[in-house]
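Shared between the two complexes below is chain A, which has chain B as its partner in the first and chain C in the second.
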Partner chain A sequence: MANANVATPNNPTSGNRFANSSVTIEAAAPAARISFRATPKGAKDFGKTLGIDLPTKPGLSASNSSLSALWIGPDEWLIIDTKNSINSLMPRRENANFCATDVSHRNVAFIISGDGAENTLCASCPRDLSPAAFPVGTASRTIFGKAEVVLLRIGKTSFRLECWRSFSPYVWDLLIDGAQDAHI
Partner chain B sequence: MNPSGQQQFRLPGRGSRIGAKSVRFTFDNKPYEALEGDTLASALLANGVHLMGRSFKYHRPRGVLAAGVEEPNALMQISRDNARTTPNVRASVQEVYDGLQAQSQNRFPTLNFDIGGVNNLLSPFFAAGFYYKTFKWPAAAWDKIYEPFIRRAAGLGQAPTEDDPDRYSNRFAHCDVLIIGGGAAGLMAAKLAAKKKQTIIICDENPHFGGWLLSDTDIRIDGKAGPDWAADTITELAAMNNVRLLNRTTGIGYFQQNMVVLNQRITEHQSKPESGDARERMWQVRAGKVIIAQGAIERHMVFPDNDRPGIMQASAAQSFLNKFGVAVGSQVAVYTACDTAYAAAFDLAEEGIDIPIIVEHRTDIADDLLAQASELGIRVITGAVVEGTGGKLRINSVTFAKQNGNDRETIEVDALITSAGWTPSLHLYSQSRGKPQWDEDTQRFLPGESPQECVSIGACNGTDDLSDIFAEAAKCTGSRAPRHAIEDDVSTMSGFIGATGTSADKGKAFVDFQNDVTAKDIALAVREGMHSIEHVKRYTTNGMATDQGKLSNMHGLAIASKLLKKPIPAVGLTTFRAPYTPTTFGSFVGHSRGRLFDPIRQTPIHDWAVENGAEFEPVSQWRRAWYFPRSGEDMHQAVDRECQTVRSVAGVFDASTLGKIEVVGPDAAAFMNIIYTNGWDKLKPGRAKYGIMCREDGFIYDDGVVGKLSNNRFHVTTTTGGAPRVLNHMEDFLQTEFPDMRVWLTSTSEQWATIAVQGPKARQIIEPLITGVTISNEKFPHMSVVECNVCGVPARLFRISFTGELGFEINVPADYGRAVWEAVWERAEPLGACVYGTEAMHVMRAEKGYIIVGQDTDGTVTPYDAGLSWAIAKAKPDFVGKRGLQRPDLMAQGRRQLVGLATKDPSKVLEEGAQIVADPTCPVPMKMIGFVTSSYWSGTLGKSVALALIEDGTNLIGKSLYAPMADEVIEVEVTGTVFYDTKGERLHG
Partner chain C sequence: MLVIHCPYCQAERPELEFANAGEAHIVRPNNMSDMTDAEFEKMFFVRENPKGVNLERWRHIHGCGRFFNAIRHTVSDKFLKVYKAGAPRPSDAEIAELMK
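What follows is the complex of A and B.
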C-alpha cells in the first residue's frame, strides 16, 4: 500500500489508448531510464553491472528481459528498464569514466503496434523504417514532426517511441493523425 | 452530333476515359451535363462552351488551350461550399463530379460582358515595363493611388474566407526506384525494374496512367491499342507488392540527395469524399534512383490574335477527341510547324469533322503525310503563315497567306489547332541541379548528366520514337531491350521551329497567355536593353504566371535570340523552380495545423493552474501561467496583489520550464570555467552561484543559477527559451574546442518539476515537507543546494531567489510535480500566501534590477553593459567571450548601459521599446540615445519602474532624459537598476 505521506505520481500519458483497424497506440507503463554517457571503459564496466553489453554501433540496441540499452551516440546510451526501479539501476558511485543521469521522468513512451505501425510513424518521421533498413532491435534518435524522439523497433510490427514528457500531447496527436492513413 | 441539346459536341463511341454515367455540374451558375471521367474542360467543350476565362491584364476572352497541366487560360474557381473553394484551378486538370460548381475568374459582371475588357483598348499604354515607367512619379501618388490600384488589380480568383475543414497528410517513403511519369516510358521502366525485385514508386499527375498512349489511339504495341497496353501493364504492376502506383500524383520538386516531393490529390475528383480521407497527401520520397519520364509539352504558334477561344494546341484537340470523345469544333483549321498536328487533324477528319485547311509553316513535308492528307480530302498549304483570326468570344475566321504575303485567304472556321513543336519537360531534371544542354540538331534543350542518381527517359529526354523509348527504359533499369512490334500512323516528330513568323510584329501575338505577354513586348524589352533572358522575363513578366512559362519560355527565348542575333543558349534559360505545378497550402502544411502546428509544452503543474483560473502566456513553446486573477480582478489588480502578497507573506510559482542541464565528469568545474564568465574553482559542493555565459563575441548569451552537487556534478539552470541553444552551445565547445575534457552534458529540464516558494514565510511553508536536512538560515543560507526528500520523494532543494525575497526552489521528479505542488499549496494558502504567475515574477525581478536575457539584452549587450562586471572573473586565463570582450568597440566609452528610469510623474508607466532622447526639442529626426527594455507598474513601491539601455547610462545617473511618445513627452530620471531593498537584506531572511 502506498505511503500516505508520499506524493502520488501523475503521468501525462497514462491511460492513452487509440486503435483502428491497422494500428494500436498505447502509452507505455512508467519505466526507469538512465541517460548513460561513458568512455569505452566506463561502458564496458557498466555493461557488466547490468548484465548486458552496451552496443557500440549506430542503430543497435541490446536487451535482457525488462532491460534495454539503446545506442544513441558514440558515447551515449539510453537505458530503459520497464520493471525495476531507478534505484536498483543507478550506479552507486560516481566514476571518472561515466556519467549516469536519471531521466525516468524526462521521457514518456508510446507503443505503436499493428500492420499500420510503420505507416503511422512514416507520416511524421523521415527515417526509413522498413524492416530491411530498420530491423527488430534497431534504435534511433530521430525526429517525429517537430519533436525529438527515440524509436526502438520491438517487434516485426511494433515500435517503442520515447519522447520528452511535455512533447507527449503533441506526439500523441500527431500519431493519431498519422494513424488515419496507416492502411494506405 | 446534336447542336441544340446538351453535350452536342460529344461523339458517341469515342473517348477511352469516360463512362456512360452522366454527372451534373454548374459553370457560372448555369447547369450542364457531363460524363463521368470528364475534365471540366472536356465537359464544357462537349457542351460547345469554349469561352472559359478572361486574361489577366487585358481581360481578353479566352478558351481552353491545352488538355493538361500547362493550361494557362481556363482557370476556374472550384467550390464545394464556402470553406472549400479553390481559385485558379485548371479546367483541363479538374475532374468533373456530380455537383461540382465552377466559376470563371477575372471578369465583371459576366464572362461574356467584362468591363475590364476596356484594358484591351487601352493596351498601347500597358506595354512591357508599364508599371516600372508609370508609377515612378509623382512619388506621393504611390501610397494613395498607385499601390491601391495595383493591389485591386493583382491576384486571380477568391481566397476562401473560412477555415479549411479538410485533413491533409504527409508520408515519408523510401524506395529503390522512383519513376515520375506513367506514360509509355515510365510504365516500361516500372515493368522492367519491378522484375528485378526492387521497391518501386511510380506516379502520374493524371487520373489514369498511360500518358500520350491515351491520346493517340493509332499507336499499336504488339497489336494492342495504346490504352489497352497501358491498362494491362497497370494490372500487372498493381499485382506486385514491391510496386506502389500513385495516380493523380505530381512530382512537384526534386531536392538534395534524391529527395523528391510528390503531391497526391485524393478527394478532388469525388462528388462526396469519404469522411476521414485526407484531401491531399504529400509524399516525401527518398529514392535510390529517380527515373524522370515527365514527357514533353506542345507549344502553341505565335501569330496575331492567337488567343481567341477555339484556338488550342493540336495535341489538346487530339486528347479531347480520343480521351473524352469531344470534338473541339465542326470546322477546324490547323496551323503547324510540326508533324504531330497531322495526327490530330487526321483523327478529327476520320470522325467526319471538316478540316478546311492545314496551314504548314514549313516548306518540306514528308510525302506520306501529304498523301494521307489528300486521301482524307484535307488541303495543305506549305510555307505559309496565319496572319490573323476573327471573332469575338470565339474564333470565326482565319486569315492565312504564303510567308511572302502572297495568296492571302480568309476562311470561316469555329476552331483552330496549332503546333510549334514539343518542349521536353526539364523541370525536375533541372531541379536536380542538372544543366540543360542545347541540342542544335533538334533545336531544343535536353537533359545532360544530373549530379544526382537520376536519369531522364522518353519525350523529356528528347526521345520521340516509341521503340527508342522502350530501349531507354531497358537501359536505365539495367534490363535487356524488350522486343515489341510498334505501329503508328504518324511517327516522325519535328523539333523546335522558330515559330515567331513575320506576322508576329503586328497585332497581339501572344507568347504568354496568362500574363498577356506578346511578341511585341519581348521585342520592346530587347530594344530597351534587356539582353539577358532573366531581364526579359522580369521586364515583360513572360513565364512568371502560375504556369511558370510551360508554353511561353521557349518562344520568349527564341524571339529574344532572333532580335539579339545570338544563339539561343547564349541568351540563357531561366531557372526551373519547385513546385512544378501550383500546389495548395494545405498540402504543404500537411499534419501541422491547429494543435499540431507547433508543440505546445505544458508543465506537470499546468492542469492545476488551469483549474485555478490562471491566464497563460506563451514563452517559446511553453505555456506558462501568467497571472491568477480572482473574481473581479483585472490583470493589473491581480499582478499587484500577487506581488504584494509575495513581498509581505509568500508566493508559490511554477518554475518547471527553466532549462536544466546536468554537467558531470572529473573536468566539470574546468568546463564551467570555460563556458561561464565567472570563476567556479572556489564553489563548494552544496553551494550555488549565478552564472553569465557569453558567446565568443563577448555578448551575453544566457544566464542562470548553477548548483554544485558534488565535485563532479553541477545542476545548471538556463532561461526557459534558452535551454536547447545553451545545451547546443555547450556541446559545440565541448566537442570541437575541448574534446579532451571528460565532461558529459545531459538535459534534465523535463526530469524535474520546479516549484519556487518565495517570500518572508517561504521557510515556514516548506519546512514540514522536507526530510533529511535542516533549512535554517544558518545551515542553509542563500545560494545553497541540497539533495533531500520533499513529500517523501527525492528532491533537489535550492535556496535562491528571483524576487529579492527569502526563496526556495524545490525540484522533484516530474511525475510528482503536481502532488508536491498541492502539498506546498496546502501549507501556503492558510498562511495567506498566493500563487503567482510570470507577470508578477517579471515585476518583482525588475524591482530588484535582475535582468532577463533576451528582454534586457538583445545580443549586443556585454556583461559590462548590463552592470554585471562583478560576474566576470578577470583573472581566469580563458573563457568563451574573453577575447571578444577585449575588442576596442566593446571597451569603448559611451556604450549603451543598463540603468533604471524613474518617471517624473510616478504614475506614468513607460512603454517597453520606447526610445529615449536627451533633448526632445531638437529637430526630427532626433538622436535616440537608448530605449526602454523593461517597464512595469510596481504596486509595492507605488510607482513605475523601468530598465533601459542608455548610451553612457551609468554616467547619466541623476540626469533627466525624455521618452517622446505619440501624444506626449515623458520626462524620466536615470537611476540605478535596483528599486527595492537596495541593500539586499531580504534575501537573507
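What follows is the complex of A and C.
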C-alpha cells in the first residue's frame, strides 16, 4: 500500500531524450533540491554543514562532487544534489538565520549538451550565453519562452536547465524547436 | 529589447527578466484611516506620469527577485540611473546632471 505521507510526483517529461548531429537533450535524473534563503551568517553556517561555500557573488555556483550551490539572489540559493537524499541535506535544526525549503519535486531538469547547446537555448532565452558572458559554472535564474528557469553551465558545451515540473512539457517542446534550428 | 542594469546582479540583463512596479518613492502614510477620500485618492491613484524623466520601481523578477529603483526617460526609454531599494531619492540637481 502506498505511504500516504510520501508524495509520488508525476514527471511529465521523465525519460525524454532527443539527439541530432549538434545537440543532445535529456531529462535529468531525479535530484534533491533546496530553495535556501539566508542571512550572510546563515549562508556561512549552512555552507559548513554542506561542506561547500555558498557563493556570494552574483551568477556564481559552487560544486563538490554531486552537490551544487547556485547563487540566485543576494539572499537566495538553489542547492542541488544529484546523488544524496533530501533527508541528508536538509538542516536538522531551525534557525532564525535561514529558511530551507525542500523543492526536490517542484523542479525537473534537462541536460542540453553538444556544439549546438548554446544556440538551442538562445532560441528561447534572451540572455547572452556566450562563454565570455556565461562561462562554465555560471548560474542564473532567467526566462525561457514564457517559463521561468534556472540555467547552470556545467561544461563548455553543456548546460543544466531547471524548470518547474508543470512547465516541463512546454520547455521540452521549445528545446526541441531550438535544437532543430541549431542543427542547420 | 531594453537592456537594464540590475544593481543587485551588478550586470545588464534583458528586459524580459524585469517587471515595472510603478512610481518610486510613494510614501505610504501611517494614518490611513484619518485621511479624507480626496487625500487617499491622491496618495493611492494619482501618479506623475511625466513625459520625460520618471522615477520608477522595477523588479528583477525572473532574475535575483529584487526590487530596485530606476530613473527612466519615458520618451527615449533611456535608463539614466538605477539604485537599490531604500536608497534616497536622487536630488533634482543630480537628475538634471544625468540628463545632460
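Just so we're on the same page, the second predicted complex is superposed on the first by the 172 of 184 C-alpha atoms of A that agree within 3 Å, B and C clash if a C-alpha of one lies under 4 Å from a C-alpha of the other, contacts with A are read in each partner's own complex, and residues count from 1 in each chain.
Going forward, contacts are C-beta pairs under 8 Å (C-beta built on N, C-alpha and C of every residue); 3 or more make two chains touch, one makes a residue touch a chain.
For clarity, every value in this text was computed on a predicted model and none was experimentally measured.
Student: Between chain B (first) and chain C (second), which does A:58 come into contact with in this model arrangement: first, second, both, or neither?
Tutor: A:58 contacts chain C only, not chain B.
Student: Figure out whether A:140 sits in contact with chain B (first) or chain C (second), or with both, or with neither.
Tutor: Touch partner of A:140: chain C, not chain B.
Student: Of chain B and chain C, which one touches more residues of chain A?
Tutor: B
Student: Which partner does A:73 contact after superposing on A: first (chain B), second (chain C), both, neither?
Tutor: second
Student: Return first, second, both or neither, reflecting whether A:173 touches chain B, chain C, both chains, or no partner chain.
Tutor: After superposing on A, A:173 lies in contact with chain B but is clear of chain C.
Student: Applying the document's definition of touch, where does A:102 land relative to chain B and chain C: first, second, both, or neither?
Tutor: First partner only.
Student: Given the touch rule stated above, what does A:126 touch, chain B (first), chain C (second), both, or neither?
Tutor: Both partners, chain B and chain C.
Student: Jot down the residues of chain A that show up as touching in both complexes, chain B in one and chain C in the other.
Tutor: Chain A residues touching both partners: 126-127.
Student: If we count contacts the way the header does, which residues on chain A are in touch with chain B in the complex?
Tutor: Interface residues on the chain A side: 3, 5-12, 30, 35, 37, 39, 75, 94, 96, 98-99, 101-107, 119, 122-128, 130, 133, 145-147, 164-167, 169-170, 173-174, 177-178, 180-181, 184.
Student: Could you pull out which chain B residues touch chain A in their complex?
Tutor: 167, 169-174, 199, 276, 278, 281, 284, 286, 591-592, 595-596, 598-604, 622, 662, 664-666, 710, 712-713, 742, 744, 746-752, 791-793, 812-820, 823
Student: Mind pulling up the chain A residues that touch chain C in the complex?
Tutor: Those in contact with chain C are residues 58-59, 72-74, 76, 126-127, 140-143, 148.
Student: Residues of chain C touching chain A in their complex?
Tutor: Touch residues, chain C against chain A: 1, 8-11, 13-17, 62-66.
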